[in-house]
Amino acid sequence: MRPSKRAADEMRAVTLERNVSKHAEGSCLVKFGDTHVLCTASLEERIPPWLRGQNRGWVTAEYGMLPRATGDRMRREASAGKQSGRTLEIQRLIGRSLRAVVDLQALGERQISVDCDVLQADGGTRTAAITGAWVALSDCITWMKTRDMLTRPVLKDHIAAVSCGIYNGTPVLDLDYDEDSTAETDANFVLTGSGGIVEIQGTAEGAPFSEEEFAQLLSLAKGGISRLVELQKMAIL
Amino acid sequence: MRPSKRAADEMRAVTLERNVSKHAEGSCLVKFGDTHVLCTASLEERIPPWLRGQNRGWVTAEYGMLPRATGDRMRREASAGKQSGRTLEIQRLIGRSLRAVVDLQALGERQISVDCDVLQADGGTRTAAITGAWVALSDCITWMKTRDMLTRPVLKDHIAAVSCGIYNGTPVLDLDYDEDSTAETDANFVLTGSGGIVEIQGTAEGAPFSEEEFAQLLSLAKGGISRLVELQKMAIL
Amino acid sequence: MRPSKRAADEMRAVTLERNVSKHAEGSCLVKFGDTHVLCTASLEERIPPWLRGQNRGWVTAEYGMLPRATGDRMRREASAGKQSGRTLEIQRLIGRSLRAVVDLQALGERQISVDCDVLQADGGTRTAAITGAWVALSDCITWMKTRDMLTRPVLKDHIAAVSCGIYNGTPVLDLDYDEDSTAETDANFVLTGSGGIVEIQGTAEGAPFSEEEFAQLLSLAKGGISRLVELQKMAIL
Amino acid sequence: MRPSKRAADEMRAVTLERNVSKHAEGSCLVKFGDTHVLCTASLEERIPPWLRGQNRGWVTAEYGMLPRATGDRMRREASAGKQSGRTLEIQRLIGRSLRAVVDLQALGERQISVDCDVLQADGGTRTAAITGAWVALSDCITWMKTRDMLTRPVLKDHIAAVSCGIYNGTPVLDLDYDEDSTAETDANFVLTGSGGIVEIQGTAEGAPFSEEEFAQLLSLAKGGISRLVELQKMAIL
Amino acid sequence: MRPSKRAADEMRAVTLERNVSKHAEGSCLVKFGDTHVLCTASLEERIPPWLRGQNRGWVTAEYGMLPRATGDRMRREASAGKQSGRTLEIQRLIGRSLRAVVDLQALGERQISVDCDVLQADGGTRTAAITGAWVALSDCITWMKTRDMLTRPVLKDHIAAVSCGIYNGTPVLDLDYDEDSTAETDANFVLTGSGGIVEIQGTAEGAPFSEEEFAQLLSLAKGGISRLVELQKMAIL
Amino acid sequence: MRPSKRAADEMRAVTLERNVSKHAEGSCLVKFGDTHVLCTASLEERIPPWLRGQNRGWVTAEYGMLPRATGDRMRREASAGKQSGRTLEIQRLIGRSLRAVVDLQALGERQISVDCDVLQADGGTRTAAITGAWVALSDCITWMKTRDMLTRPVLKDHIAAVSCGIYNGTPVLDLDYDEDSTAETDANFVLTGSGGIVEIQGTAEGAPFSEEEFAQLLSLAKGGISRLVELQKMAIL
């Protein structure tokens, strides 16, 4: 039995609320249960120096957590003077995931910076962030289209993510914090709308896991992500 | 005529929403029009080293802005590796303001850390932060009372803040960003519920201002803050 | 009775010694009693990137304290790897104060950097720094004039600063360290030679203060600053 | 055809040279073809503060690259003042991988720090590092056994790692730099000697990959890692 | 002919002014011509962690330069966020030089921190700093003696320093900036009052130098330092 | 008697192994007994900003130590976030030493960066680094010659270095760690192939040393360096 009473293949309540920022070209407040992430997509005319003159754009992401997003207050990274390895790892993952469905040539020499800031955390912040970031990114691209800044499609597909894990010996979908902190195995999956795999990260926290267990996690993830993609489609209608 | 059509002594719509954080002992989402600040108060058993053994507690504050809280995206301070002078100045101001109405002896050897994170900025973020931080602090102290952690009152008074400025030659209350960026003079006032002055910061952006002008700004601020204190009282009912 | 036996409206002995640096275009060693600040004004042909191409110059300031300027040795900021919030706050104040009396267009595309380094501290370092920085700045501008680098006046007025506070219930002028560390209220005033207010910073260290008390502090400050401006005039004769 | 002419399931020449450090309790110079990593295991009596008093030890890892380990010289991280996200990600992976086969209770309140420094890079540095780090760790534990510092077995299994990828449409084992920089998909696998999975990291660099492709990569990895474990066994004979 | 018209073995005018700090236990403003260094010695009860419990004290030094001590303004190290290699090198040299004449056991478990801050630079700042630091240190020790904090002598000898160089083919004593910036060879010598050598640092800026040239520089240095020690003796009378 | 049984004027076994890096334009693994330093020379088309447009090149050096190169593991500088004063001092010394024998005009507007990374330390790392760096530099210049990038000779002479010290009252050549950590005096000498002195750094660790002692150290160094230069000549044949 999961602490939340959910079925093994049941996600938390997911909402995707658009237009939550007065300033950003695209924005989305995504909630996976009690995990709340504010995603904004900012269009910038500058691109990274190493990309200049290549007729291509860039999509990048940054991730942060408010100090009291968590059960115990954590030190503010701006005050500590550096971002943790975990933060850097997550923001690299979000950026790679988004770029997997963007046609950078079609974007032109511009950068879209997606900021994912966790207002409240209850497990699965990186997967919620990727799922919400896609909506913010999509709105930013729509914003550009309505201003005739684009001549061909930029977004190639949906991208969404979910975590799965083995909790008390059972593979379950969309771990919350209670499950995540005691799961034997924890895996994050990033898939496109058409079911292609973009990222897989699986870690044995306790005992190593088997190929069969991993296949079960992937199967759960595919189901969850297909529902997330449906929600994304409804959100941007 | 103000860009927002407000009267000279008219504040923006102010709301104070409590219990916006699942984890924090006290929390408040404060809105001064389009300026939105999430305030959380975190109770910590540790105190700063220089306070140890003095039977006193401490109240401190940290301030941050999401990168796209503003019209143009700003660099994330965690990524830049340091907090700007502006950020440090503001969080010192918030901390001093809150401590002015707290009985640190009554708090006992504990620290309350108040985080004020600007989700969306439209001028007046520091004054909104102080006003909302008081609500979060008050709820944190109530949380302690209901757990019998306090033996006498800790909060001595309300504290609230507002900015005033001279805009197009006219003293006006509660500057929004459009006004703030062109005002000749900009002043922030922090007052207690009983009308005592805790902080005054006045700056001539263009021409110096006179004693008379300053008196007018202070008078506007007293009116605005008395309304903010009313809202705080209603919020914590 | 003040620890220094001064009358309530009596400043410490103030001296302004010019030409104390072999290299700087302008320099002044300012003493407010035992508070000694070395101010140098350096002319630089480069300007901040965001000002380029606007036919305007810039005046900026930096502030520092020698580690043993104070009663207890403080950690060297260069060794700590960052400037404290207090340092950043003070140098921003000095820069704003100086710019309030400079015609940046008349300066041309150049920057004057004023360094204020506290050799010995006994309270009021920021107000002494502003008062001495004006003299260094004035000499730097004279240096430029004698080299035909300027076509019209750059300095619009004097600027000087003093602190006031409520010490043992009495408003007093120009706090020294003994007073500053126990004053109930501490306020810094920056005024022009013609009496216009450029900056006001008032803080209740203990109990909040009233509008009447604040008016008394401002009145003392006006007297003190008018004497400081007299001294500046004599210094640059 | 692979640039190195290797068969799809063929690893590069792998060597594991022990006792390459005069000082370290365990050490191994591991080579996967032209990728050379120097691994040292250092026994330290101190443990991280959060582990104190729990009768458990810790195994941690750090990763670095000499500036000219790569085709173009890279900036030295010590001079840049921080470790890159990539470095932090890799050293976290090495540490987790090693801890998966260590009985931390049996280690006692001590820390083993494994340093993996890349002397020369040609792709696959993290997988070579994990494979060599196990040998250094094993020797460090043997060093402790011969000094009667341990009362029961600490190492529970072997751990080794290899990368696989889809190169020109074909799944191949043990990518070198030429392959890695153009592969469509790149995955790192960390497995135990008994075939349990400890870490999986798969990334689509270009087009997303399918479940079938991923299964092929995992199958190649299992073959490669079983050979690496054989080499580890021979090395520590 | 030297730019300053001095004879080859002639030092600049040297002054050692004591008691220049209201707060420090010992202080000296040392001038070697236009090179002015403010030296303060601060007694601290804490010692470095690695020295605890050894019944020994420590003497350490820090060095800094005001930004406009030099002909062109240099970036403030506190603002740059780190001390330069040159600064670290110099302060290590000053500390080692002072410790060479201090009986650390006799000092007891205390630290004396000597700060050497260059107010104005014209070459030879490190040698002036060492020479003045000795006077500040000596006064600090006298301060301790008069408070009965010491039971036996702490200072074993004088220490002083001077630079020599080969300028236009001629070995000369006490280089000023004009000479230093064009000298072919530059050497710093630190000697005790009894003529023992504590530090030698010689660098060929252009062509390598010979053993004979080096011997000439050392001979000049011995003469200069013996005069500096005389001045120290007169200063502390 | 020296701990290593060597005669007073006997160096450790020295080897200079070239072509140890697949990528670098020049490389050398130098061993002075158990001190092993990997030196790579990297040709870069960019030069420092302050050299641009002067038709001259630059040679610079960086120095590092693997964390467990030493008897006790040291903190990794990349993780500490800064290079120590010792590291900065050493890499400045290596760079100056190499530039003393390079014709920077003949090099053209290019930079050669020499990295010296200590794989294992047993005293004398900086002198081994200089000696090996010269070989790497020489091979880099040869690499350029064979590609017709140079029109006249760049390398003017050999450069090599050795340490000497007074150990148990006797001057000895090429200190190892056992000697270095207890020597009364420690001096590093950098000489050219033709015997010119480029750098001398002598430090009294305990009692000051005399001119005669220093002359003995220099004499030992000349002997040692002349043998090192022979080895360099044989290495590059």
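Going by the order they are written in, the chains are A, B, C, D, E and F; count residues from 1 in each one.
Methods note: a contact is a pair of C-beta atoms (placed from the backbone, for glycine too) under 8 Å apart; a residue touches a chain by one contact, two chains touch by 3 or more.
Molecules present, by chain and UniProt name: A, B, C, D, E, F = Ribonuclease PH.
As the structure is a prediction and not an experimental result, all values here were calculated from the model.
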item: Chain labels contacting chain C and also chain E; value: none
item: Option in B-C, C-E or E-F whose residue-number contact pairs overlap D-F by over half; value: C-E
item: Most widely separated chain from chain D, with each centre as the mean of CA atoms; value: C
item: Between chain B and its twin chain E, rotation from the CA superposition, multiple of 5 degrees; value: 120
item: Averaged-CA centre spacing for the pair chain D and chain A, given as whole angstrom; value: 28
item: Inter-chain centre distance, chain A versus chain E - centres from mean C-alpha coordinates, in Å; value: 59
item: Residues within chain F bordering two or more other chains; value: 81-82
item: Round-the-ring chain order [start: chain B; next: chain C]; value: B, C, E, F, D, A
item: Contacting residues of chain E [partner chain F, same complex]; value: 82, 84-85, 88-89, 91-92, 96, 100, 187, 191-192, 194, 196-204, 207-211, 214, 218
item: Complex interface listing, chain E residues touching chain C; value: 21-24, 27, 34, 38, 40, 42, 44, 62, 64, 66-71, 73, 76-83, 87, 113, 115, 117, 119-120, 122
